[in-house]
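Take a look at the structures listed below.
Below, chain A partners chain B and then partners chain C, in two separate complexes.
== the complex of A and B ==
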């Protein structure tokens, strides 16, 4: 692959791309997810949830170290043969399809709830996917730059609820570690959805300028995401208390009420408007990854696939239904997908490892 | 020269633009001018007895009337029914405009409704996404509808007047700013917490605060007068402002204004399972007027004498109040259970109202003079 220096991603762009891939609708429902088991210690669960992306980081670091120019799709074809490899690759892309459609379904639900109750879901989906298809059609570099800009917006949006610190109370969080450790760890299992699509890094090695710094930018991405997630959960529990969060479908939205801006009667609309930009970006990222995998598997040009999957994704998004149904579907599917992904990566790592050992033995025998 | 926007992009952008316009503006939604909307500035919550022993909810709303693009007064529309849909249907029957929520500033709850329970109201307010969660809630004597219809000359609506009234109670009566809808959500079903809301009456042709309505769970159990309200606020709220005084006669008195800070410590006797609470109150402020103590502006000893007297006075009144709370209301009005739950674990099925009523509560008051104004005349 001969890419000019300009088209390759810089380390900070990789970081922002990964943060952008993770932070989406998950941030808004995270407090609800962990609340059921971990109660007031939910924020610790969210913090512990970072173990999953760290594990992926460890594995992918190993893969990229050994094969820095090819992505995981090529590797799987190389190791498992063309047919089995491509089947596994398709299964690998399922995660992006599910997350892309479920985020847009959730986006539609929250948007219709708070802002545009008069729009039908299908209309929202059409606009969301037009934007996603357009941005993803522009290529990875543009996507990464978009992510970089929106990353700063994300930080601003997340810091704003700091105003809730004066209204809430630390009493809501205590006793800290009052729930036993088992429940906290069970709660951190619920955060997988929020950290899920981080495996996308394995598609990208060929596009990254400085291979040695991948691990650093990956680690930074996980660090930022974990801090943002933990902060969101912390402030929500701090402001509302553990008894109220399960009653509210979008608990973090109630916290944004505490931001009182002069002249603006209701900050919620501004928050919703800015947060939808963040969601658009996440959907664009997933959309790009779907087209990337599909074009790699089918050998059709990415631009054509970009347009072809557009109606298909809209159709899938409409299937989720209301918020409770959507969450049930996600909690049923995402753990299985994650299990598949992680075992897929682990198997590839094992094959690389075994090959290396065999090669070394051969080498040592020849030397003698 | 290469064009900045090539022809291809022009086509793509215009096609996308047309699609977006088509999608967004082909909905049935009609746009209405402000004169054709019922924009509620306050909501009322009344209750009526039904024949078969059930209750009927009556929800009046106070809306602005616009004429020739100018606000020209308010009118009250009321709807009655056994649930929210029936009240809305009933209200729409009597109004020729579209009902719109979102800019309401006050929830006026009638005393009967509060005694019946707030469940109905909280449920509706919580589930509605367009509601203003920062609207202030008050309990009123009589019917909410009458309070709404009460029109003073200076203010365009009862809602606006009440909002100012509650906000400014923070100056002299140790009121906090926690009487909003969101505070009701976070208190009503939270462990170890109880709601209290300002109580409003019409007296001598003016709307005024006449104490505090206190709740046990979702039901109102009583009303405190102004003197008790001040004590409740001192004991319950942290970082609130108010005025205190010692009076011998109207010629001999001292007035003090300050900021009160409150800290609660909780301990549990492991053997008997008894809880013990100590409330530390720290009031620091200004002597605003004094005809009781001589040379208070110049002599620190006199100042000490005064602070000790005031401390003793507040403490004895606080103990009196706590005694009534534990024996008469049997409720944890001071949210002490919240502190205990935070220290000894949540969700253990403890009845904090009962525990606090039977436990030992200590009050330590400390008064500090940090400003002496200009001196003593």
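== the complex of A and C ==
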């Protein structure tokens, strides 16, 4: 019995964990986000949006190559000192807090609109965060396995709207590349929220079994996510067209109605049920990352943090308000947090690089 | 009586218990210098015919020589006169006490420090028969019984491999029951074996009457509703499990044999899956999975559709459902819960009843109560249909422990759905998924995804394609067969 196999993450689990961290509520609103600037070429913007996670992959690959047994939080303390390092680490966790609470707020909004209008938001938040705290408490391995199983569910869910192909029209996508390149690139900026929490990989190196295959797992995760996002945006534009999409809050939900099920009036109900499981998983991942960072910074046991942040996250989630307000808040905060995160990672990469160069120079001087 | 012999008998009697049903028979052997001997055994667990035929008759009638001068007399007697095929000579009194308690007979000889232990174990036991709780259309009729030696012999007959190991452990301070670990030495994973051995030998209790006790003593998650070890009375099932690298645990006095480590999906595999056509097996297995989903979600989905999301039911269905509910005082939740509880009453009641009375119960319960409940407007026909379908679906789960667990899960699901609607079902399903992923059996994950294990998971591949043992079960020997079909089918196999 290989005990490390049962404790550490396998390459496929790393892939699924990253896919699971990225794909959540963002997939449902992605067509709306990119349509504003990129119009019918929104799906190309989504595809180009993969540059951001690829850049993170390149940077994290460099960090993990040099420090495979420590996470970014340890490196931060090592390079910036305890106080500054921990402060930066806390700021790094803000992204997870914002994404976790905004997904749960979005989840609440979509649920209340489509299936559980009788439930008050607070009740939805309570059940969502009970599940998140329970799952997070079970540890990373269980979380990764859950992600792996739900990954297959996600694939099925995403493939199902293929039925919309017969009802949609290619005219909705035409003219392809009809929008100027600048708008397409600007559109890709809107996808940051969907790809954002991918930096979580830098928290995981110590828990990954095969360090040499991290980059491969990461690349596959980005590939799968990009394909899924591009497909979702493509089929939504193909089915609804650039004029209808801005009029719906969750355009992709309309596409799911193209699937006909005999006993239920529309497939939306089944889709919402299954997508709820996908959203639970994303919220659980973010919840885990929050507890991980806070436990590392405060040196309090993760199980205690797990319980303590529960009411705090519920409270934060209630602050987002309706869907329009939520999106406004996200579009105001997430780019800034992403900018901070990417700068944080870049600075760490630069420090590692400089240290390496200095070390090499020292070595060559000593040799001389 | 010889004082030395008397002392020995007294010390044996005091160790076994003065009030035990011990039988002591003194007799003389030899011709010129006769020697006094004694046989000691416990009444009821020995076969007296063996004692008379293989010990007393040869020693008392045929031992007509001067034995007083013989060196190593115990060995001489057991080689020349005691005709039993299983004899053992010892000087350790502990071994003697153990042997007597297990139905063996001890021969004591005057002036000799040796004890001759002769295997005469017997007593009345149930004969080998097909397990009534686990019948199979195409499978062996040979089920395990309560006698440990018989169970060992069944397995030994089925697996003739020279690496098959039977390892004895004694359990229970007062019962001192025998327990045997059975595994194939070059297949089993040694870490799992050591872990199991460590857990079983750590059990320190007065008695271990049933396998269920051991299962609960050694499992990881006590409060989980899912069974974390697999048990069966079928010898073919246990044989197949041993072949996959699991360890079988046989306990004296129980016909249920446990295998470990256990994975979630093995509870959905039945003997027939492997003995009938591949396509048919797959169809049945998918039905079984569907049944599990129906049991867990069907009442909850019905509740959410009738209680919260009526708009999702097509108009053709909603009219008869609404009509059937006119005049029913109870809420759908109470209605479903009531019927589900009645079904559980019938099931639990039926378990304890003799077969003939059980039929009466099913008639009274199923037909009369169901019909009366409808006429009294306590439940609607649609609810009764849902509960009926779920009840039928429970019979598709091949393992009793798993069937009970799945049946239980529907109650919390119903409760959470009553509060949260469809969100409750999604939360319940997600919780189940996380819970199953977090369980372990002997340190081995209860549920894990391995590509090659998909060959025997939701579907069952043709047997010749399953060359590897399941990866979920740690083992030291990956392959159980080779591509032998190439010999007669070539490379272009279907």
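Assume the second predicted complex is superposed on the first by the 363 of 368 C-alpha atoms of A that agree within 3 Å, B and C clash if a C-alpha of one lies under 4 Å from a C-alpha of the other, contacts with A are read in each partner's own complex, and residues count from 1 in each chain.
Going forward, a contact is a pair of C-beta atoms (placed from the backbone, for glycine too) under 8 Å apart; a residue touches a chain by one contact, two chains touch by 3 or more.
Quick caveat: nothing in here was measured; it's all calculated off a predicted structure.
**Q** Once the structures are superposed on A, label A:127 by its partner contacts, choosing first (chain B), second (chain C), both or neither.
**A** both
**Q** Give one of first, second, both or neither to describe whether A:273 is in contact with chain B, with chain C, with both, or with none.
**A** Only chain C is touched by A:273; chain B is not.
**Q** Just checking: does A:48 make contact with chain B only, chain C only, both, or neither of them? Give me first, second, both or neither.
**A** neither
**Q** Looking at A:145 after the superposition, I want to know if it touches chain B, chain C, both of them or none. Which is it: first, second, both, neither?
**A** second
**Q** Does the superposition put A:119 against chain B (first), chain C (second), both, or neither?
**A** Touch partners of A:119: chain B and chain C.
**Q** Name the contact category of A:221: first (chain B only), second (chain C only), both, or neither.
**A** neither
**Q** Which partner does A:135 reach: the first (chain B), the second (chain C), both, or neither?
**A** The answer is second: A:135 touches chain C but not chain B.
**Q** Between chain B and chain C, which one contacts more residues of chain A in the superposed model?
**A** C
**Q** Please indicate which partner A:260 is in contact with in the superposed arrangement: first for chain B, second for chain C, both, or neither.
**A** first
**Q** Is A:316 touching anything from chain B or chain C once the two structures are fitted on A? First, second, both or neither.
**A** Neither partner.
**Q** Just which bits of chain A does chain B share with chain C as contact spots?
**A** Looking at chain A, the two contact sets intersect at 118-119, 123, 127, 134, 265-266.
**Q** Taking the touch rule as given, give the residues of chain A at its contact with chain C in the complex, in rising order.
**A** Those residues of chain A that touch chain C are 1-3, 6, 12, 111, 115-116, 118-119, 123-124, 127-128, 131, 134-135, 138-139, 142, 145-146, 148-150, 262-266, 269, 272-274, 276-277, 280-281, 284.
**Q** For chain A, which residues count as touching chain B in their complex?
**A** 39-40, 113-114, 118-120, 123, 126-127, 130, 134, 171-172, 174-175, 178, 240-244, 247-248, 254, 257-258, 260, 265-266
**Q** Provide the residue numbers of chain B that touch chain A in the complex, in ascending order.
**A** 12, 16, 19-20, 23-24, 27-29, 102-103, 126, 129, 132-134, 182, 185-186, 189-191, 338-339, 342-347
**Q** Would you mind writing out the residues of chain C in touch with chain A in their complex?
**A** Where chain C meets chain A, its residues are 189, 191-192, 308-309, 311-314, 317, 419-427, 429-431, 433-434, 437-438, 440, 443-445, 447-449, 474.
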